[in-house]
Amino acid sequence: MKRIETGIDGVDKITGGFPEGRSVLITGNAGSGKTIFGLQFAKKSCEQGFKTVYITTEEDSTDLYTQAEAFGWDLHKLNEEGILNFVELASIRARVTEAEMSIDIEAMKGNFSKFLNDIPEDTETVVIDNIGSYTAKLTPYEFRDRFDLLIYELKQRNITTLVILDSATSKEFNEIALFSVYGAFKLMKRENPYTGRRERVMDIVKMRSTKTPTQFITYEIDSNGIKIVSSVDSDEE
Amino acid sequence: MKRIETGIDGVDKITGGFPEGRSVLITGNAGSGKTIFGLQFAKKSCEQGFKTVYITTEEDSTDLYTQAEAFGWDLHKLNEEGILNFVELASIRARVTEAEMSIDIEAMKGNFSKFLNDIPEDTETVVIDNIGSYTAKLTPYEFRDRFDLLIYELKQRNITTLVILDSATSKEFNEIALFSVYGAFKLMKRENPYTGRRERVMDIVKMRSTKTPTQFITYEIDSNGIKIVSSVDSDEE
Amino acid sequence: MKRIETGIDGVDKITGGFPEGRSVLITGNAGSGKTIFGLQFAKKSCEQGFKTVYITTEEDSTDLYTQAEAFGWDLHKLNEEGILNFVELASIRARVTEAEMSIDIEAMKGNFSKFLNDIPEDTETVVIDNIGSYTAKLTPYEFRDRFDLLIYELKQRNITTLVILDSATSKEFNEIALFSVYGAFKLMKRENPYTGRRERVMDIVKMRSTKTPTQFITYEIDSNGIKIVSSVDSDEE
Amino acid sequence: MKRIETGIDGVDKITGGFPEGRSVLITGNAGSGKTIFGLQFAKKSCEQGFKTVYITTEEDSTDLYTQAEAFGWDLHKLNEEGILNFVELASIRARVTEAEMSIDIEAMKGNFSKFLNDIPEDTETVVIDNIGSYTAKLTPYEFRDRFDLLIYELKQRNITTLVILDSATSKEFNEIALFSVYGAFKLMKRENPYTGRRERVMDIVKMRSTKTPTQFITYEIDSNGIKIVSSVDSDEE
Amino acid sequence: MKRIETGIDGVDKITGGFPEGRSVLITGNAGSGKTIFGLQFAKKSCEQGFKTVYITTEEDSTDLYTQAEAFGWDLHKLNEEGILNFVELASIRARVTEAEMSIDIEAMKGNFSKFLNDIPEDTETVVIDNIGSYTAKLTPYEFRDRFDLLIYELKQRNITTLVILDSATSKEFNEIALFSVYGAFKLMKRENPYTGRRERVMDIVKMRSTKTPTQFITYEIDSNGIKIVSSVDSDEE
Amino acid sequence: MKRIETGIDGVDKITGGFPEGRSVLITGNAGSGKTIFGLQFAKKSCEQGFKTVYITTEEDSTDLYTQAEAFGWDLHKLNEEGILNFVELASIRARVTEAEMSIDIEAMKGNFSKFLNDIPEDTETVVIDNIGSYTAKLTPYEFRDRFDLLIYELKQRNITTLVILDSATSKEFNEIALFSVYGAFKLMKRENPYTGRRERVMDIVKMRSTKTPTQFITYEIDSNGIKIVSSVDSDEE
């Protein structure tokens, strides 16, 4: 199984990169750096020559360009070269009038497969940021079924995918999503029980066919993006 | 991206100020100082020359003037100069009779956009204190949709906004609101695990394109308003 | 803003007394001393020359006289002088028959404003002990609306009020009530984490325009009523 | 206010005994000794010359006689002297057939006042063991209302009452019951945080017009019944 | 009150054995040894000459014979002697077809009294393993009523009973069952707070007219069945 | 009772292997290694000459082959030899169209017995990975009944079974499943309270007629699959 580098050195060293043609889930609270992870991966994917699509459901692409610039990442250039594309789904601009809004709320119910209609046929990498915007009114079992189908179709098209799911969505959805994906990362802030200081850690919950560490991985967000600061050794497969 | 000073020195030093034309959320329990934060920011906004509107849904402006005076802030003067305006929404005075009240309860359901009809076109800064008064009977998904729209429209008008959301509103609403805003602060009292004393801390949950500390920031409320007492160093972006 | 002494020396030293014409909330579990607080404040209010009404919904006034006597407070004298009056609301005596009872249960739904019809026009201070008896079948939003209105009307009449709300009422109601009032105290028993002994502490949750301590205030109930035993210093505003 | 000795020396030393003509609530889990408390109090009440009725809803009186004998208490003698009577309510014997049972279930809904019809007019002391058997299908507000009424009527008849309420009944009912009664004890087993051993403690939650300790009171159940083993000092009123 | 030995030496030493003609409840999670307790007691009951019936609702008797053999207990011999009988209730074999199954689900609703129809008139000891299989769709109050009736009828027939109730059944049912029975044991695994090792402990929650220890009793399951390893002293009645 | 080796040396040493013709349950969160346990057991079962079927409901067999290869296990060879077969149930491929999907959701409700129709008559060992995919819309009592029946039928056919149940399924289902099976393992990651490091542990919740340890068993996942790293001694039966 081929691997794609994530753009985060420590993560690549630990996992060997993301498995090509498979999906990896990123969960975490607000402010944990999920979007930064997504942008960093998208940029690295482009640099490895993969046609990449960044699907955004919450922010418009202008804000994403601005966020990337803060880390010195020139997404405009990648976009102009045709290797990076942004898709703005369920754009809030399209539903400013009350009438449109109420329709849209219904339409948002689980149309996950629409994601795939809107991306070019030759897409090799996708970031979905974030699928939690599309779970309104789904029951846990409906979510499981639709999410399974999305992951299945992405695999059929051999697209390497990073799917972001925010934690405001019910905890049950978070746990369900873990089962369909090939790999899963959870980003969090916690109080270190020994130093008493708060720190950012990621839990590599799972990665099939891959050695993963049982320990939490400490990371920081500095001027170059996400940086692993744990000494990195994968103590288990 | 330009920045506006908040009037709290430590917060400005840590974050560089609030991003112009974006929204920042303040959450916290009763007595955590949310309204003081809002008044301190409104005053500083005026002093920087921005036309500022303070929207109040709980207290009348007389009580706010009194609270400000206790910190030595002369809001009357700013109001007379025409740079600061108060908007009293859903004034309890308007619904003293039972009939009016029951109507008003229905009307309070999610009319967030009304906030924007009631402020002058040339408004540059807005404080909304507090949007939790307007969430009666909303489902989480309705809240998400309406709140998203409010934040979107404020951004379209390039208004820098501080939105207060009290914690009596369901925890789920608090978490949902975190996703739409550009930045978010959480104010709390906690028992310091080392000194055993209770202290006031703020968690800068998120601030896009901005270095933010992972640690809690300790603050006090003294005769000059909110004052940061943590040594201030932003250890991460 | 003028202040009224509470009759509890430490509380007056810390807060400067209760703000005239505003409402302060007292919450706490059974046995925390809420009624003693109410009686002590009522007595002191009379001694300062304010016409005072004690509204009781749970005990009859005979029991309150007995409780006060245990602390050496002669409420009969104050009552005879015409400065202290008791109002017995929703008296259980009025609903001994089953028929009356079922009617009364319906009627108890949120008729907070009735409190104000039953007190003389020249009333300056009111103790409501306790409003939790009147929340049957209210939704949180209905409670918020009716409680807001009560607090507003008391302020309109410039009545200084101490409102007791028991903790058997849903926690959500306790948190909601905190937002409308000018000040709030929470009485509790807790195990001191250092001495391991149980102790009585009050949390001065909020007091607008007033310096309040972040720390819990330790108190005892001795033969003179509630007595603050913490060294008293208000470390913050 | 006159006092009645409880038969538990330490409790009498701490509280001065139960207040005559008022109600005291005993709550606790299975095995905490609620029934032993009730029997011990009933016996002592008889020895002080009060006509006493023990209302039992769970066990038949034969089992209660046996339990009492294990502590050397001869209830048969007191019963023969006419000073102690047992009332077996909702006797399970009366509803062995299925038909009767379904009727009885309906009838059990909150007929608290029936308790009072079944006791002689000259009754001075009552033990109700336990009222939790009669709360089937009551809403919290219905329970509050009916329980308030029961306590009120007992007071009207000047009957000193010990009411047992088991903890299997919803926690909400336990908290509600606390408010109507004059005094309340909670019996529990807990792990002592210092010795690490499990111990039996009682929390004297409240006792109006009475000095009560803030600390838990340690007790044992030995061959003479409940015995307080804490050094006894009431540090507060 | 006569006592029956349980077959577990430490338990007999602590409690004096189970009270004849009364019911004792055993609760605990999967793997805590409830069935082993039941088999050990059944065997000892037979050895004391009591006609014993083991009612099984989950396993078939073949598996129970196998389990017993692993401890060296020859139940076949006791069965052949006519002193021990097995009753397989609601045998899963009887409902292999879908049609039968759906009927059976309805029928399983609370037919506790059926237990008693299926046992010989001269039965002196019964083990019910486990009654949790028969609580489908019962409300807590229905369970309380039916369980009370079962315990009452067993007492009427003077049958000494060990009733097993698994913990997968709602916690509320566990607490309710505690009140009707004469005695109750809770089996659990826990982490010893001092040694840090996991251990098996039983809590003798209650045993009327009997001295019981407040401390947990440590036990092991070895090749002879359940063995108490705590030093045994009943520090209280 | 004969035993089958599991392929995990430590587990075989502790338990003697899985009982032939009985079912063992494996539960655990995502990433705990449930599928690795299943594959390791399937391979060892084949090597002992048992005709083995691996039923997969989540992944397709291609991914399982890949996972196995990562541990050096050549399942292709076993498959070609006819000793190992894969059954892909409710394959997501079969329900790509929306119409099919909605039908399938209904059909997924509890058709556990279908598992058994799809496997050859001479099957001796089965792994079901995972049954949590088939619990949509089942009530706890329906699940209990259907799961009981499945376990019963497997026993009737004398098939040794390893059943995987993921933890995203409601906790209640996990606890219910524990009662029907002969043995149960729970896989988890936890923070070791002494070393402060996270580790993988398994709890052998139960194994009838078998000595099992009370302590957690520490394991790792290395290049050879699951490996027990605890020193292995079964301290109890």
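First chain written, first letter: the chains are A, B, C, D, E and F, and each begins at residue 1.
Keep in mind that, in the parts below, contacts are C-beta pairs under 8 Å (C-beta built on N, C-alpha and C of every residue); 3 or more make two chains touch, one makes a residue touch a chain.
Note that the structure is predicted; figures quoted are calculated from it, not measured.
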Partner chains shared by subunit B and subunit D (touch criterion as defined above): C
Path length in the contact graph (subunit B to subunit E, fewest steps): 3
Lowest number of touching-chain links that must be crossed from subunit A to subunit D: 3
Interface numbering overlap (same over half, different under half) for subunit B and subunit C: different
Far-end chain from subunit A, centres as C-alpha averages: D
Whole-Å gap between the CA centroids of subunit A and subunit E: 52
Distance from subunit D to subunit C - Cα centre to Cα centre, in angstrom: 30
Residue numbers of subunit D (touch at least two other chains): none
Category of the chain touch graph - line, ring, star, complete, other: ring
Traversal of the chain ring from subunit E via subunit F: E, F, A, B, C, D
Parts of subunit F lying in touch with subunit A, wherever the complex brings them together: 29-31, 58, 63, 66-67, 69-71, 92-93, 95-96, 101, 105, 132, 136-137, 166-168, 189, 196-200, 220-223
Residues of subunit D defined as touching subunit C within the complex: 1, 141-142, 144-145, 148-149, 152-153, 172, 175-176, 178-180, 184, 193-194, 204-206, 208-212, 214-216, 235-237
